[in-house]
Amino acid sequence: MPEDATKYLSHLELGEPDQTFLDSNELIINMGPQHPATHGVLRVILKLDGEKVLGTECVIGYLHRGVEKIAEHRTYAMFNPYVDRMDYVAAVSNGLGYCEAVEKLQNIEAPPRANYVRMILTELNRVASHQLWLGTHALDIGAMTPLFYTFRDREEILKIFEKYCGARLTTHAFRIGGCLYETYEGFEQEVLKFVKFVRPKIDEYEDLLTTNRIWVERTRGVGVISTKDCIALGVTGPVLRASGVKWDLRKAQPYAAYAEMDFEVPTGQNGDTYDRYLVRLAEMRQSLRIIEQAVEKLPDGPILAKVPKVLKPPVGEIYHSIEAPKGELGYFIVSDGSTQPYRVRVRPPSFVNLQALDIMVRGQLVADVIAVIGTLDIVLGEVDR
Amino acid sequence: MPDFLTAYLQSNVTPGEAGSAFWALIYVLIVFAGISVAVMAMNWLERKALAHFQIRLGPMRVGPHGLLQPIADAIKLLTKEDIVPSAADKFVFWLAPLIILCASFTTYIVVPFGRAHAITDLNIGILFMLGVSSLSVLGVVMAGWASNSHYPLLGALRSSAQMVSYEIAMGLAVVSAVLMTSLNPSGTGTLSMIGIVQAQEAQQTWFVFKFFPLGFIALGVFAIAMVAETNRAPFDLPEAESELTAGFHTEYSGLRWSLFMLGEYAAMIAVSSIAVTLWLGGWLRPFPHWLAGQSWDLVFSLFPGLLFLGLAAIAFVGVGRMPKHPYFKIQTAGLAGFGAVLGLIGVVLFIPPVRDRVQDIFWFIAKVAVFMYLYIWYRATFPRYRFDQLMKVGWKVLLPVALGVLLLTAVAGILF
Amino acid sequence: MQPVATTFFFYLLAGLAVLGGVLVITRRNAVHSALALILTLLSLAGLYLMLYAPFVAGVQIILYAGGIMVLFLFVIMLVSIEKSQKEEQFNKLWLVGLLAAIALGGLFIGVYVKGKALFPEAKVVLEEGNNTQGIADYLYGHYLFTFEIASLLLLVAIIGAVVMAKKRI
Amino acid sequence: MEALGQISTLHYLVLAAALFVLGVIGVLTRRNVVIILMSIELILNAVNLNLLAFSRLYGLHGQVFSIFVITDAAAEAAVGLGIIIAFFRNKETVNVDEVDLMKW
Amino acid sequence: MFFLDHIWLIPLFPAFGAAVMFFFGRKLQKQTVSIVCVGMVALSFLWACGAVWQYQGWAEANHHQPFQKVMFTWLGTDTGHMNYTTHDGTLAPFQADAGFLLDPLSAIWLLFVTGVGLLIHIYSTGYMAHEGGYYRFFGYLNLFMFSMLTLIMGNNYALMFVGWEGVGLCSYLLIGFYFHRPAASAAANKAFIVNRIGDAGFLLGMFTIAWYFGSLRYVDVNLLARSGHFNIGDPIITAATLLLFVGACGKSAQLPLYVWLPDAMEGPTPVSALIHAATMVTAGVYMVARSNALFVLAPTSMKTVAIVGALTAIFAASIGLVQNDIKRVLAYSTVSQLGYMFLALGVGAFAAGVFHVFTHAFFKALLFLGAGSVIHAMSGEQDMRNMGHLAKKIPTTYRTILIATLAIAGIPPFAGFFSKDEILWQTWSSEGGAYRILWLVGFITALMTAFYMFRLVFLTFYGKPRMDHEVEHHIHESPKSMTVPLVVLAVCAVCAGWLGWPHSLGGSNRFEHYLDPVFAREAQVFQEEGKEAQLVAGEKEEKHTNPLEYGLMFLSVAAAGVGFGLARRYYAAADKGYAEPIEQAAPPVYRTLQNKYYVDEAYDYVFTGRRKIGDVRLGAMGLGEASSWVDAKVIDGTVNGAGRITRLSGKISSWWDKWIIDGLLVNGLALITHPLSWFARLLQWGLVQWYALVMVVGLVGFVAYYAWR
């Protein structure tokens, strides 16, 4: 046992030590930060009885870059690229949330065309994020092939991003007040072509996994979290919806142009890993629906609103949140009237969702911890910021 | 010497039965070399097939279509530093891979590639195979213990628990097939590998179709158990990368590690040979009774040659599709040479004495190849079981099913 | 198949068996003892083959070397070795025990030498090709009840082992 | 090599006796219970060798018996090791001379 | 010969069904369960019909031999390793086949077991439709069918015993089907334990036969028994047959082991119909009939069987007169009818007994199923005092029950008349003398039977409605799956008797002729025994000229009529709080009958010891209590007494101890002992290896001694 591990164990509310084989009591195992299945640099201290998990403690901060602090020394526009580095697999969503928050603070209205373009790109990014999640999650559980399939299809999305803004991952696609770039020639056709291309591919993932006995056995009844616990812990996103709560910010507090879109919010019942898997697959399909509608209705007009060269929002504070692929992504910005924000606080979905890990894995086996970390869909860049 | 050769070509017994130490030695060498080559080929095939399952290309650089990749790998492994952990038990650490290797290769003594193509035919053939292959558990345990490290030890315990558990279901499935051999007028069964195939010949059916679906279920049980026995996906828990890094051979590197791999693939081929021998008629060609007669014999005996000619044709098509850049000159020439060699072998296989001699082996290897392909297919398709689920499958599903099949086989044998 | 080079293989295997036996009782590390025991068991399996008992040899390998020894290794691993390695290996009686055992061995040899004339040379022809079938006939015919009792014994042993080893039943 | 002569039953008996004596020495002198159990296996194997040597003279009965002996050995090993585990759990030792709870 | 050659499939079908239920039942739909289980029994029935039909042809060609099909040797081997010595010192192989035998006797059982079983399975799909444990119920039923078929089709006593125990087990499981009900599980235990007593008798009888005849196969035993080597009245055969009869008593609920059967009504009604009325309880009859060659060699046993049968008949019938639970009435009726069957067997009229089994199976199954239908309609109410006036509301049930009642009461031309009359006539004409008393007993029983059965009908279907309003509202006819079997059984209850239409009424009694190959040799034995009357009766019957037979026939019909009349008079208009005639005439008798002659209480007093006589407890618990008393009083008393004495003496001895012992002896001796004890310690010093060493040294000594002696 590493020496400092004991320090954290004092926080654990663990029951009476259970007697185990040969009187060896609990085993304390350190998982990560260098572990192939922790999706980055998460460190989990596990308290085990044989293979049964008695409790966990997450140690985070290995990827802390002080994003929130940096914001205090940058102008509003300068800080925009930084948010892409939080949830780097869903950079577009991060940018959208930040831009909308600042616009709200400054009282700028993005033009409708910009809203539609933003929506298309964000939903594409949601599909990409879910695809990446599916591939790695399946790989954790031992199914190697889906990874390659999802990455192949994600590549198409990245190509669209690259054509639009020149970057594939950390796109910095949006600006405060709209988008900087007009869509390129054939953007609509390419997006529609992608939608047509990816629909059967999602069925293909389902063919590989949904009715696969081993997959079902590994995921059904694993990492169950109840609706009550979800709400108590502030869990959001697909995890919350898989526990049966129909809560989606796109429906509940519509932003961009989501109010004009027709889509459904898929939910599960059992709140187990299998349901979360199904919910995310369904969400990918819904995203495709949104993209189709948005491309169809894409209005003409300017793409960037009139924005002052130097942004000096009035004194005040604002909280704005959007539905990122992983859950509610919120920005709380306090302005002192200068060109730089007084304080920026990010409510990252991964960070909040990670709290649920302990409740989900207690009483399960070690192998399930990996499945559960996978199913929470965390990105350490966002957790640590 | 020619007399010696002709006598050999005309004899229809294994060297062991004939008591010919010379031919036995030759066979040992051939089998050893052949299995080693087969393992390398299997390695390449697995990487290629798996890659194509996963919409990748796999090895492409070393040799045409990566054909020489196994050789490159072998050279790499041979020249790597041989690291022995300082806290390890040196002797046991050294011994473990050897035991696994010996256990896997020794089983080939009784594998009948054809009526006359086995090193020897033991009275206890199948028992010998099961026994010797079960010795590899020792190697696993030793490797895990000798590394003096947690992950290997856990992996070794898991893997040996798994192997020991699945051996039971496997043994019961085997017994039900052995029981089927006793369904002759004299009522005497046999454990001899050649005897089992001959029993299938005499009963005019492969045992997989005997008492349908009993034989089929028994083969199913065996096929699942053998995957678990060889620690392959979806039962590859001991090597679960996301949990235990690489299992019992985490601390091994270089040549020793390659010995483990060699042993693992050899064991895969060995258990597949058991399945083929017991249920799929061993070296018997398809439909020996339905499509009987000399002309059919002739047709089926052309298969090996045709296969090699086909492979050669594929190679030449590949030559045609090679980029015409001087950069690829050597590769193109190599592929053409490879095709030529394949074609030459194909032509040689059409010579009547060789043809008659070789077709047993061809059918046997073809059937084993089906199983090898299945191994790869499983790996591409299935997620990994959890350890408790794995044990549940072994003890609560396979074992009762195997027992039931055994009982029903016995009942059916009495009644029909 | 007639055994080849009987004399050579007998002495080779016998030597290995005795070597293994000596190692079993002298090693400090129990794992090494177990490995030495495997050596002995496998050599004995070879000797059984030379005695026209292939089935017993097979059973010896699959049961002893495969099953029982894995059990041993498991236990040795679960029970700490480092501690017992540092302790005194032989008990207080070792000298007396050694003498008694050697006396017993000497006695055996003496008896063999004295009664050498009593052993006839190879009376029956054992057919290797029908060994398994012959044993099966005896096992399920003549020794049927013994066989059943053996199965009962194994059942009792399973229950006993589980009761002994499992903490919570 | 032939100078050593044909291998007779006596050779096997002597080998068996040697193994038997080794086993007895192990049982009588070692402190580690696991090794004592292994020595018992040695003794049983010596007996098996005797049975098989005689079975060459008198027919298959000896082989059948040796199978029963192997069965017994399996049962004995299972129970014995179970006892060892229970013992180790309670006393944290595997030394046979520390099992003296019954001694007054 | 397809069916005949594969006769082993008949029991295997339901076994397969049971296995499927056992392994997969929990996961199957109710519909699937019904299809599999009913289908398996239907297959078995069809197969049985085919086999019996083919047996006819086979028997013609083979001198009416029993047909045997031996699958394999089940116990023992062919190699002669398991021989044992019989009574005359010869060696016989201990051997039992897994073999099947078909002759007229087993054919009859085969047909009605599978036939009635099939109907009851169909009925159960309706009756149990809303119960939990559906698959379990059908699994048990199928297992029962398998065991029962094994019992009647086995070709030796050992296999019969397997079936015998199998049906016992299934009976236990099914009586205790509602295991959460204490009464049900107690009843199941009772049935099982009482049956154990009988089974012990059967087992001993079987061993005696094996020892005496050297074989357990019916064919061998019958051949030897009929060979004339054995005297009539051979004591060992008498003992063997008496022991077998003990077994039959247990299974077929005869005095004194009948107590379990009324309690067995705790099980679901179809179970009562199938197991505890139609099939399993007739196993005893089957066994005695199967051993007829032995029984005729033992007149004492025959007499015992007849007397026990007659006593049981009247005993149970009299209890049945006053019971109020509809199923209990039927249960006592079953016991009583079984008594009839044994009476017939006991007087040598095997065919008549078997005939009664056959007809009884139909009408009693019908009665039980009808009762089940009534209970179903009454929402679970079983007490007849709370019924009444149901005839209009559940007409099909009413009609079928009425037919069955007419049949059991012996009204011509319903089935019961023929068989019952045959038994009474055979009893009358068998030997004369004291046997006439048995006839009288049977006759009175017939009267009682008619009375209590019509009492049941009137109380249930006529009179004023006496149930709660709530219940009355819910009364409805049962579903088709229940009424169709009722109708089929009703048809059988009418017609089954016509197979044995006696000569005296112008028939040909085909039933008895069919059984001739099984019982043919008995006539010869009777001749040697000098039972002239029996022979004469048989011959007279052939000539059908005995006027007395018509007289008796008329008498028994008249008795049935009287029973009907009495019941009608007292119960036809019963309203709430109606008066029981017996209670008014003779209250003590009524109380005795109501309490079933206090037999259960007596058993509790004498055998189980659940009740005390005064302060004394007898029986098993008494034994326990006695030993506890001995322990508490004698042993502990001794201990305490010893303690008191010790305390006294302790005081004395402490002084003694202090000065003499400690001072002089102990300390003094210890000084001497300590060095001396070193040698003794060598024997026991707690090191296991030391003991091993001693063993080795001893071994050395022994071998040395014997080698160089």
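Side notes on the structure shown:
Just so it is clear, A, B, C, D and E label the chains in written order, and each chain counts residues from 1 on its own.
The rule we apply is simple: contacts are C-beta pairs under 8 Å (C-beta built on N, C-alpha and C of every residue); 3 or more make two chains touch, one makes a residue touch a chain.
Because the structure is a prediction, the values reported are computed rather than measured.
Hopping across touching chains, the smallest step count from subunit C to subunit D is 1.
Any chain that touches subunit C and also touches subunit E is listed here: B, D. Once CA atoms are averaged chain by chain and compared with the all-protein CA average, the nearest chain turns out to be B.
Centroid distances from subunit B, each centroid being the mean of CA atoms, peak for E. Ranked by separation of Cα centres from subunit C, the top chain is A. Just to note, of B-C and D-E, the chains joined by more C-beta pairs in contact are B-C. Here the spacing of subunit A and subunit E, counted between their Cα centres, is 73 Å. Rounded to whole angstrom, the centroid-to-centroid distance between subunit A and subunit D, based on C-alpha atoms, equals 64 Å. Taking each chain's centre as the mean of its C-alpha atoms, subunit B lies 37 Å from subunit D. Between subunit A and subunit B, the centres computed from C-alpha atoms are 46 Å apart. Under the contact definition stated at the top, the residues of subunit A that touch 2 or more other chains are 22.
Among the residues of subunit C, those touching two or more other chains are numbered 55, 59, 67, 74, 78, 91-93, 96-97, 100-101, 104, 108, 131, 167.
Residue numbers of subunit D whose C-beta contacts span two or more other chains: 24, 28-29, 85, 88-89, 96-97. Within the complex formed with subunit C, the subunit B residues making contact are 16-17, 19, 21, 89, 91-92, 95, 120, 122-124, 127-128, 130-132, 134-135, 137-138, 141-142, 145, 153, 157, 160, 164, 167, 188-191. Listing the residues of subunit C that touch subunit B in their complex gives 1-2, 4, 29, 31-32, 35, 38, 54-55, 57-59, 61-62, 65-67, 69-70, 73-74, 77, 128-133. The touching residues of subunit E, counted against subunit D in their complex, run 685-689, 692-693, 696. Subunit B contributes residues 50, 53-56, 233-234, 236, 240-243, 245, 379-389 to its touches with subunit A in the complex. Every residue of subunit B that touches subunit E in the complex is listed here, in rising order: 414-415.
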